[in-house]
Amino acid sequence: MFQFFQDVYLGVKTFMAGMKVTGVYFKNANLNPKETITTIAYDGTQSLAQGVRLAERFRGHLQLDAARCVACKACMKVCPVDAIWVDAERTEAGKFRVSRFDIDQLKCMYCGLCTRVCPTGGLTMGKVWWGATFHTDDGTNMHGQLRRLGLGYYTDEQKIEIERKRQEAAEAKKAAAAAAAKKKAEEAAAQAAPAAPPAAPAATDKKPDTPPAA
Amino acid sequence: MTAGTREEQRLAHTEEMVLSMGPHHPSTHGVLRLEVTSDGEVVASARPDVGYLHRGIEKIGEFLDYRQFMPYTDRVDYLCAMNSNHAYALAVEKLAGIKPPLRAELLRVLVDELNRISSHLICIGALAMDMGAYTPFLHGICHRELVNDLFEEVCGARLTYNYVTIGGVAYDIPQGFIAKCDEFAVYMQPKMSEFNQLITANSIFEQRLCHVGVISPEQAINWGLVGPNLRGSGVCWDIRKHEPYSVYDKLQFEVPVGDGGDPKGSNPRGVLGDSYDRYLVRVKEINESVKIVKQVCALLRENDKLPADSPDRQYQAKVPARLKVKRGEVYCRCENPRGETGYYIVSDGTEKPLRIKIRTGSFSAVNCFEDVTRGLLIGDVVAVIGSFDIVLPEVDR
Amino acid sequence: MDFEAIVSKLKERWPEVEAPAVEAGDRFVIVPAEKTLEILRFLKEDPELCFDNLMALAGADTGRELWLVYALHSFKQRHKLLVKAVLPREKPEVESVAKLWGAANFHEREAYDLYGIVFRNHPDLRRLLNPPDWAGWPGRKDYEYPKEYRGVPLLRDGQFFSDDIKKANAEREARDKALLSSAIAQRPQ
Amino acid sequence: MPTIYDLLGGNSALYTVIAVAVPCLIVTVVVLTVAGISTYLERKVAADIQRRIGPNQCNVGPFLGEFVRTMVRNGAAPRATGLARAMASAGKAVLPPLDWLDKVLGRWAPGLLIFMADGLKLILKEDIISDAADKRLFRIAPYIVLASAFGALAVVPFSDAWYVADFNIGIFYVAAITSLEVLGILMAGWASNNKWALLGGMRSAAQIVSYEVPVGLAIATAILMTGTMSMQGMTCEQLGITRDSTWLSDGWFWQWNIFHPAMFILAPVYFLAALAECNRTPFDIPEAESELVSGYHVEYSGMRFALFFMAEYAMMCVTSAIAVTLFLGGWSTGIAPLEHLGLAGFEVRAGVQVPVFHWYGTLLHLLFFAAKTYGLVLLMMWIRWTLPRFRVDQMMALCWKKLIPIGLFCLLAVAAWMILRMVLARQIGEALLDRITFWGRAAFACGVAGWLLWYFSRPLTPEEEAQREMVARASVESGPAL
């Protein structure tokens, strides 16, 4: 008997307590929505979602500042899912520049490892996070696309030209070095001392199209 | 039974029916499939069938180096990615003999506890939703969003963080982050009291969970249950307390343990180890985590006072880019929201591990599922799933 | 009890138990595969050792042999132990410990599923994670991924864009090399 | 002046048909609309309680306004037909009020037209019937459920003069017709040939059949209280206006049944049973999403599902209307001066004196009836988004071990009170006893209302205030959630 009344009492009491909580929210949602409503209106397009405040370090889609990229391929090596492909070529200045930087959005899992290893900070994860589209015809959305951040290539003639320039520069260097050595030897001979052996040529001939840090 | 004619017996004869509960069932928390053999409403046996989410993460790990595997630990348990990262980092550091600096440890513990709060919020909210009350779940989501905002500020991601690195953390915290954590801690406690008023104290909810899925301490230990499921059965075992692995030995917090059947306890009408105990343990752990967050914030404030170049002030230890660990193997475990997560790593001296075995809390929970749900009603099966807080990617990996 | 004490306690009953020195990580004991069950039962039931909790059971493949590692822990004595059994790659069999620890049930099913380690007297030894009609033991080192399952094509080359790109780039690099070398060859003297 | 009665040639069959068909049509259309709007309100209430925005896209502007603008544009086309021009001019006329409506509704009821969009979608959807289903039963089931819900509307007294029919056994008719619903649900569960649906149907059968008992007890008690079975009679009884009642003396709200202490205990019992009969939380066991995927209508799609859906909301309205009639004084305003304002006179119907009202009194009564009924519907929604769900056995235990004993106790209490009343009347006289009960009920009613007001509008504790501020600051500082 006591159990009966206790159950009824507990049931009514906790029921009223719960109704009070939800009732307070019901009231506030209608009186001062700003305090209680925590979702934002969403109309299937990005227009309303523009108001979303993103943190400084937000990890959105990858973006590349190609001018700062030295094509060291560290991001390509650290990527756990092989989503990045970097391709490099030499410029006239003998430097390396990125000629192709492809990101497979289908594979990228936004872990940010590549941005951490980037030595120049050229590769960053931007604030762009919107991936959905309404292109149901091809069934792909932005995540299914391949994003090309590269710069394109030299033509074959340009490549040959650059290569020739490099070769000639190397030749000139070698010649200069040889001349310098000869001169030294002559001076030494002029000083009537046993001729010192000419210094070995210091110029190195690297293979043209292997990027550094491989 | 009275012996009638064969015809009568044939008519009186009833069959058990086989229900395929899941993998797409609203309340199997993912892609768990249960072969429920039920006699009407009463469950004769519910055989779990897992593997729908098997991605071979352990196998993938054998092809990646130690640093590259970290993002995959996010995917092992997406509700507490920070804790998963931490567990893996601990294992590798133990194997490679790396000592992360103090500040890194503090930051790890901070994000761990924040993530524990958010994970438990999801768990108790989902349990309430399985019981038919939708509002608590969405209130829990609202509180969790604040945690996600904090994580977004600190590491830029909202779900798969990849924040903890081997030998430290990826970034230092931004300006004013500690103040926000303190504010969140202050915000959370009254919210939890309101939450309890809304659902925990509700007598329908209590009736639904009391005396359902009872697990005695011996059974719990034998089945290898861990974390809140183990503590809900009355076994006081928390790795943060009994095998302190980070700066947890510097912090004061209690280990909530199920007290079903104790007339003065929080679950007077139940028995020890029922679903309501497991639920209550999680509710209490949220408050404990809030305490820890406050203490860690205080410690971080002290740490900020140190000179910028002191070793304790750094957030990342010196770790070579291509980490080579010595030949050996290690089993390292760490307390996650879903119980201890153990990483068994075998290294053969190269950059890549020979074998990574991830032992998770949900795995053992699913293991004992068939025995626990025998003889319950179908509604209770849902309650038991919810009270075990199963996350399927953890089971299937 | 610390590791050495446990090892000595084991050695005096099973002299063939060995505890090799390790460069890094945890110490572990290697037990003969055929005596796994009795040793583990001793470990569980001996009052001083009393390993009442099986933390994990992992199979592993070193390429030469298979390992079966039991990670044990004792709530009463508060100590841990790694027990390793070395199995041959072909036809690995070991006694099931599911009746010692209920936790071993799924772990053994997983080890069977991934490494093909057969556990004798297991309650029901079915594949756990993979479909029951899956071919091969995915955990092993020499496992190659099937091209299709029940007529459903699985992950293959060129499924992702970057796979195609890799091929194209490799070809282009080869072309460039040839081109430039030829350029060097016909350099005007 | 000839009435429609004369025009149709006296008591002709045509007159009977029209006299029955027209009110039925009106009531059906109105209740269907109300059910539609209820689906919107359900979402809105849920959203407000769960700190969401809720429906906000399907406003008048986009939904109708675009249609009208297109009409106008077509009319403006160079070679538009006369019809198009006429429509365009009509659209021009409609546009300004529509824009105003859009502004107002967009502010006060955003996304109101979502129920129209839902209806459109459900009508256009493919109607799927699984091969293994029992096609005939599968097709019939939704109509039975809907019919049982709408059939009860025949005797609901919407106002003193507006009702479809007024039987002398009206309340029993209601009890009988509403309990037909279980038939349709069982059919649906069985015919779907789906295990979840079957379980849902069985649960529903057990639930509705057993919850008929407390409903019956409540009805019996109300009959005992008011001494009549006709719904109009009950309402007039609770109105309590007689020839010799002055403009302040009778017609107050504490003369309603609920403010008799025994009935006050009984009313929640009836309300819970009514919840169970409409399969609403905490009794939505037949369609428990988290256990049985969607219960008995898991296999239904398109319009058939919509019928179940509408039947649920119509059932809510019906049960609320009956609860209002039984306990909350039906269409009576509960404010004596208002009643006497609209009072025209008295006439004898079936041997009892019933008050007759002016047209404005009738209108007022209609408004109050709608308000009370919809208040109860809102209460049902509020409960749904607060409480968890019972288990099957607990639901049965609640019915047989709690509600029925309480109901029996209340029935006996009311019976005892009746006898006591007679005895006392003989002792101290009718008039004095009337006054005593009148003022006693007044005190009781005011006490109850006061306590409820105090409980729900109690000022927040400082702790709650602090957390409110915290919510504001947190949601502002960390920005809206993604």
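To keep things simple, chains are lettered A, B, C and D as they appear, and every chain counts its residues starting from 1.
Keep in mind that, in the parts below, a contact is a pair of C-beta atoms (placed from the backbone, for glycine too) under 8 Å apart; a residue touches a chain by one contact, two chains touch by 3 or more.
Being a predicted model, the structure only gives us computed values, none of them experimental.
Novice: Quick one: most central chain, C-alpha centroids?
Specialist: Nearest to the common C-alpha centre lies chain B.
Novice: Find the chain most remote from chain C, comparing centres computed as mean CA coordinates.
Specialist: For chain C, the chain whose C-alpha mean is farthest off is D.
Novice: Just how far, in Å, is the C-alpha centre of chain C from the one of chain B?
Specialist: For chain B versus chain C, the centre distance works out to 25 Å.
Novice: If you average the CA atoms of chain B and of chain D, how far apart do the two points sit, in angstrom?
Specialist: For chain B versus chain D, the centre distance works out to 44 Å.
Novice: From the C-alpha centre of chain A to that of chain C, how far is it in Å?
Specialist: Centre separation, chain A to chain C: 35 Å.
Novice: Taking each chain's centre as the mean position of its Cα atoms, how many Å separate chain C from chain D?
Specialist: 64
Novice: For chain A, which residues are shared contacts with two or more other chains?
Specialist: 7, 15, 18, 20-22, 38, 54, in rising order.
Novice: Out of chain D, which residues touch more than one other chain, so two or more?
Specialist: If we look for residues of chain D contacting two or more partner chains, we find 49-52, 385-387, 471, 479, 481-482.
Novice: Using the touch rule from the top of the page, what residues of chain B touch 2 or more other chains?
Specialist: 135, 142, 145, 149, 194, 198-199, 202, 204
Novice: How do the chains pair up in terms of touching? List each pair.
Specialist: Inter-chain contacts occur between A-B, A-C, A-D, B-C, B-D.
Novice: State the interface residues of chain D toward chain B in the complex, per the touch definition above.
Specialist: Listed in rising order, the residues are 46, 49-52, 195-196, 199, 202-203, 281-282, 284-285, 288-293, 385-394, 463-464, 466-467, 470-471, 473-474, 477-479, 481-482.
Novice: Which stretch or stretches of chain D touch chain A in the complex?
Specialist: The contact residues of chain D facing chain A are 45, 47-53, 56-57, 382-383, 385-387, 401-402, 405, 455-456, 460, 468, 471-472, 475, 479-482.
Novice: Would you pull the chain A residues touching chain D in the complex into a rising list?
Specialist: Within the complex, chain A touches chain D at residues 4, 7-8, 15-16, 18-26, 28-30, 34-41, 43, 51-54.
Novice: How about chain C: which of its residues touch chain A in the complex?
Specialist: Residues 160-162, 165-166, 169, 173, 176-177, 179-180, 183-184, 187.
Novice: So in the complex, which bits of chain B are touching chain C?
Specialist: Against chain C, chain B makes touches at 50-51, 54, 56, 58-59, 62, 94-97, 219, 221-224, 235, 237, 242, 325-331, 333, 340, 342, 344-348, 354-355, 357, 359, 363-364, 366-368, 371, 396-397.
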